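Each of the next two complexes has subunit A plus one more chain, namely subunit B in the first and subunit C in the second.
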Partner chain A sequence: MKKVKVLILRTAGTNCDYETQMAFELCGAFAERVHIDILIEKKNKIFKYDILAFPGGFSYGDDIASGKILSNEIKNKLGDIVKKFAMSGRPIIGICNGFQVFVKMGLLPDPNVFEQVSSLYYNDSGRFECRWVYVKIEKKTRSIWVKNLPEIISLPVAHGEGKFIPKNKNLLKVLSKNNQIVLKYSSKDGNIPKYPLDPNGSSEQIAAISNPEGNILGLMPHPERYIFALQHPNREGFDSKYGWGKIIFQNAVDFVK
Partner chain B sequence: MNFKIEILTKKCFENSRGKNMLSKIYSMHINGIKKVEYSPLYVIGGNISFDEARIIAADLLSDKITETYAIAESDQHCKISSPILSMIEVWYKKNVTDTVSESIIKAVKDLGISKKFKIKTGHKYYLYGRISKAVLSRITTKLLANTLIQEYKIIK
Partner chain C sequence: MKDVNGCNIVDMLDLSDNQLVKLSKNNTFSLSLEEMKVIQRYFQGLKRNPTDIEIETIAQTWSEHCKHKTLTGIIRYTEFDDTKAQKVKTYKNLLKETIFKVTMELNKKWCWSVFEDNAGIIEFDSKNGVAFKVETHNHPSALDPYGGTSTGVGGAIRDILGVGLGAKPLANTNVFCFGNPNVELREIPKNIHHPKKVIKDAVAGVGDYGNKMGIPTVNGAVHFDNGYISNPLVYCGTFGIIPKNKIRKKVNVGDLILLVGGKTGRDGIHGATFSSLQLSYESDVNAVQMGNPIIEKKVLDAMLNARDLNLYRSVTDCGAGGLSSAIGELGRKTGAIVYLNKVPLKYSGLRPWEIWISEAQERMVFAVPPENKNKIIKVFKKEKVEAVFIGEFTKNKRLIIKYNNDVIANICMVFLHNEMPKSTKTAVYRIKKEKLQKSIKMSDDKISRTLKTLLSDLNICSREWIVRQYDHEVQGQTIVKPLQGNSIEISGPGDASIIFPYNIINGTKKGVVLSNGLNPQYGKINTYKMAASAIEEALRNAVAVGANIEKIALLDNFCWGNPNYPKILGGIVRAANACYDVAKAFETPFISGKDSLYNEYSIICKKYSIPSTILISAIGIIEDISKTITMPLKNKNNKLFLAGITRNELGGSVFAKIINISDGIVPSVYPMESKIIMKNIHMAIKKNLVESCHDCSEGGFAVAASEMAFASGKGIIINIDSIKTDMCPMTPIEILFSESNGRFIIEVKCENELKLREIFKNAVLTEVGYVSDDNNVIFESKMHKIRIKENTEDLLKAWRNTLNW
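On to the complex of A and B.
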């Protein structure tokens, strides 16, 4: 059977690359951590991979704003190939800092446009928020990443700039109409949450979005930190061993197979 | 020529870093301040033209959705006539490493501007409320500036 290959892009300040690698490898993929300088030197190397992952962390120290310097670097030096990879329909995931990079370079919500039309801005609290929260999977989502999950799962968040802000109200309507909203922060029973379960004050409680086709996922929570039930504060999960975050990675690996 | 770039949160969005600072001021049991706004500051010097400074401000230093920017010749300040507004600028002291500026120099090259230039980063706080000079000084030295490595300028 084909071994699915995953490229995990890292740079100075990336700090969730090992966990992301482990999550994909647990799902049967071969995952490789590649420094951005290597990819800039050999751009076409990207097409040797089936899945592209932008892990969490504090790229370039989050200087200026979270993900800003990396998004600027990718847009100007790798924009053409990242867009081509995205348009090929291959799965791409941006977790936390990776999601911030996606929206700031315009890969999300629509790589066809490839312009920034939304942002992930400072949390309403004005400070870093780190805790387990509940997220609700939107029923109509076309994302290939969130199949086979219960309606509500818990995932950890850890960010200072996670408040999703669209350029205007019309964009929210478009995201909703195209079923691009993937996850929303939720209370345990599926209602609209209040702080601290709503960690940042995002528009419409948005925690994750996809492109219209559903192969690109950007999310603020960290599924790679919940691949084992043991990682959950109440040891919850499935098959008495795994965490629900594992399913997210498994979905992409199975999609490629 | 040096250009001073100030990044401003658009009025329709909450200045959450200012709000967070206000809660810290309240935690010091100081009640005269009603609102705080925060703006990052940058001074770019060297061969950078005004147009290049504008590109750097628009494409790199500010967020296209939530922020806007103002560019002035360095050390120009707007005059404040309001008795309830104080402005404080905080900058690193000379010889203190400014790591953010090093990242910006890399990012400006990524933008395609290859000229040599220097940049320094700072912070600006707008404090709205009636407070004495002594209280303002206390807020500044206890909360806004780390006087070991930073210097501040109160503009009032």
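On to the complex of A and C.
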């Protein structure tokens, strides 16, 4: 059987590329870290891959605003092929800075529209927050990335700009109607959390959204930091060795297979 | 030579002694009269005056920062004990006779590189080593806390990039000493930042740089004392992984000098020499560097590629002294010629000597074989990193600098590196007599309140406000974290952090443990005990999470006031001797270190010196990361044991400060007792007998036990009467809060008790209580009719609420 191929796009300031690569490889995929300049040079190279990943970090130092410069660079120089890749139904994931890039170029919530209609803004606390939180998987989500998970899992977050803000209230209704909300911050027992379990003050506690079709996932938490049980603060996993974060990557790899 | 292009001749051949001193002072050379005279003689021999760039080069190379000339100079030391007996000793080189000596005598095979490179290197596995370095960045952080700490982090990371042929950074550590953030503004001297501002900016600086580099900041310490108000201390450290075949560097004649990374500007001029001056309101903020983490991240990504393609033979970072130190050091045995015009500048208008000694950040210098010239440029270009050849290494053993085709410096490398005169300094230490305090008694209620006051004391309380602003989990490898709790909502202070480098070394089961030890309060009474306790604390912290004491190396960091005062230098000598004695007894070698002296601030002729401070950092290798543990309690009905003896040692303790007593004995270190306990704990963890473990440090047993409880939300019942003390009688209060070294609290399942006792048959291990099924923390003494009861939530709140802005 052929190996599932993952493209991990990196640029100056990307810094979660190695662990994202490891997460996919642990799930049996072949993952490659590719500098954006290489892809700009040979745009069609993208179609050799089955999955596209935008890892966390501080692309170009998050100057101007988080993910802003990279989102413009991608939209202007790679916009057509990224859109084509997205419309082909192949899985795409944007983690933390990757999610920030997605909403700022408008790949999320809808690549058909490809316009920025939401943002990820400074945390309510005004500080960078590195901590573990609970997230609830929305029952009606169509995301291919979050299958086989219990209702609530814990994941680490680490960001200064993670507060999801829609352009208007109607967008929240649309997201909800299209089942595009994937993860919400939660308390341990599934209730609406307060700070710090709600780490940033997102609208409706949104931690992750998808496109209507469910192949693109943007999320603030870092599933790639929870592929082993040992990485959990209390060393809990879905079995004695692996963490729940691994399932997220496994879902995409299995989807392609 | 002539005045050209902003390069001046320094007229010094005929200057008198007084004039030489003035020349040094006016130009921030920080050179002594003796040193100035040696320079004068050298140029008299050449029958010409030096250029400004030449004398600046010598000043950088001979700076305290680069040469550690106080601690490697001659010291005449006199010690008085309380009986007025006198001990006299002359040190020809204090570092060689204490810190280096331990390492040489222990001669551990797993120490691969010690005291010779930018960082020390120990064995990780047969193919890889771990490089570790901790630096101070005090003077810049006093003037500009944000700029100071961010470039401190950047500099520590570059030390790791510049060790051998470059290591990949895995984690950062940061240790601060600050003034009390709650002090009234009117108590702050003029022109000094308020401690709260210093703290906020310092933390932001570390967070911004470390987070953007994608290197987790996993461990640290903060100590508060008003002695640091005008001169805070900032220690920045980094460790990384380096392949064994990349740890040796060399420079061949004909190799090209490649300058990589940031452009050069006027920031950080005189950083190296200014660090040997006292601070005052006149200190020049231009001495502080400016950081840009994204440039450094690009340098990191690109240079590790170049390393793996074997494109260069040597590398070092541009730190203190800038190009002057970097090229001077690399070309030491060969010689070098530099074309200064080729150095990329941030803006025009820099004078040649400024270009040469600027400490502009994010720059590395490489020695590149000519045949790799084009290949290496391509590698850097791919990551959009500026890389420019600025000269080459020659065979004439001279440092020659050209600017606009004129030779503006031409000095002999041997003179530059070997002819600095040794300084001779006097040191005196009077050992203070420590007196046992009057026996301490309190009502139950008062003990309860005291416990909560201790938990919320600045030197014990939660550092969560700081820790969570640092990304301590990026790279996903932090498997023992700085804050530890049984669930996400609660936490307690972890003893040490462990990195599991699975991203870098495929299939490894090993880990790297990092910990620190620091307690300047002990140093106010006895610097020997301070250093001894710091070593033990660093070791205890590492052992508590599962480290093997037989595979731990140490780093020392001395921060003291002006060593020209014999009393201050005397404290350093005592501490250095403690380093030798204690590290030797524990068989833990030093692999690297640093000193920062002249930490004093002058306000209207009055000089304020910092409390004498030694930081000891420990790094160890964990054989199997699944055999590591954390400090929160795990399960009800498990038994609690205390390993080690509790002595009446409240001198310098947090408790003594809170109840305002000045007497008390400062904790001693008993390495022969502690070493056995540490070995036993490692054995017990390896055999899966330990559920949780926490060492006793600031605040003593009661604080450590409470922390284990509130980090788990589980209650404990402790029988104070069962705690083993030594001959000196102690009241229950003294037992609860004494800060004796050598003690660990261990949680054990009932069925493992006998196995644990078997391991501990050669050491003191006492059953002191158990984990209860509610959340009440109870300390009781039937003998003294004492019973204290608090719940974990209230204790956690007390611990969390102090530093919470």
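In this section, the second predicted complex is superposed on the first by the 257 of 257 C-alpha atoms of A that agree within 3 Å, B and C clash if a C-alpha of one lies under 4 Å from a C-alpha of the other, contacts with A are read in each partner's own complex, and residues count from 1 in each chain.
FYI, contacts are C-beta pairs under 8 Å (C-beta built on N, C-alpha and C of every residue); 3 or more make two chains touch, one makes a residue touch a chain.
Fair warning: this is a prediction, and the values are worked out from it, not measured in the lab.
Peer 1: For A:156, using the defined touch cut-off, is the partner it touches subunit B, subunit C, both, or neither? Pick first, second, both or neither.
Peer 2: Only subunit C is touched by A:156; subunit B is not.
Peer 1: Kindly classify A:19 by the partners it touches after superposition: subunit B alone (first), subunit C alone (second), both, or neither?
Peer 2: In the superposition, A:19 touches subunit C alone.
Peer 1: Could you look at A:61 and tell me whether it touches subunit B, subunit C, both or neither (first, second, both, neither)?
Peer 2: Both partners.
Peer 1: A:69 contacts which: subunit B (first), subunit C (second), both, neither?
Peer 2: After superposition on chain A, A:69 lies in contact with subunit B alone.
Peer 1: What is the contact status of A:35 with respect to subunit B (first) and subunit C (second): first, second, both, or neither?
Peer 2: second
Peer 1: Using the touch definition from the top, say if A:77 reaches subunit B (first), subunit C (second), both or neither.
Peer 2: first
Peer 1: For A:127 in the superposed arrangement: first (subunit B), second (subunit C), both or neither?
Peer 2: A:127 sits against subunit B and subunit C alike.
Peer 1: Which of the two partners, first being subunit B and second being subunit C, lies in contact with A:256: first, second, both, or neither?
Peer 2: neither
Peer 1: Count the residues of subunit A touched by subunit B and by subunit C, then name the partner with the higher count.
Peer 2: C
Peer 1: According to the stated criteria, A:230 is in contact with first (subunit B), second (subunit C), both, or neither; which is it?
Peer 2: second
Peer 1: In the superposed arrangement, what residues of subunit A touch both subunit B and subunit C?
Peer 2: The answer is residues 60-61, 127 of subunit A.
Peer 1: With touch defined as at the start, can you tell me which subunit B residues reach subunit A in the complex?
Peer 2: 13-14, 16-21, 23, 40, 59-61, 63-66, 99-100, 103-104, 106-107, 110-112
Peer 1: Can you list the residues on subunit A that touch subunit B in the complex?
Peer 2: Its residues touching subunit B are 60-61, 63-65, 68-69, 72-73, 76-77, 104, 116-119, 121-127, 163, 165-167.
Peer 1: Hey, which residues of subunit C end up touching subunit A in the complex?
Peer 2: Its residues touching subunit A are 207, 211-214, 292-294, 297-298, 382-384, 467-479, 481, 484-489, 500, 502-504, 625-626.
Peer 1: What residues of subunit A sit close enough to touch subunit C in their complex?
Peer 2: 12-16, 18-19, 21-22, 35, 37, 56-58, 60-62, 127-134, 154, 156, 158, 188, 197, 222, 224-228, 230-231, 233-234
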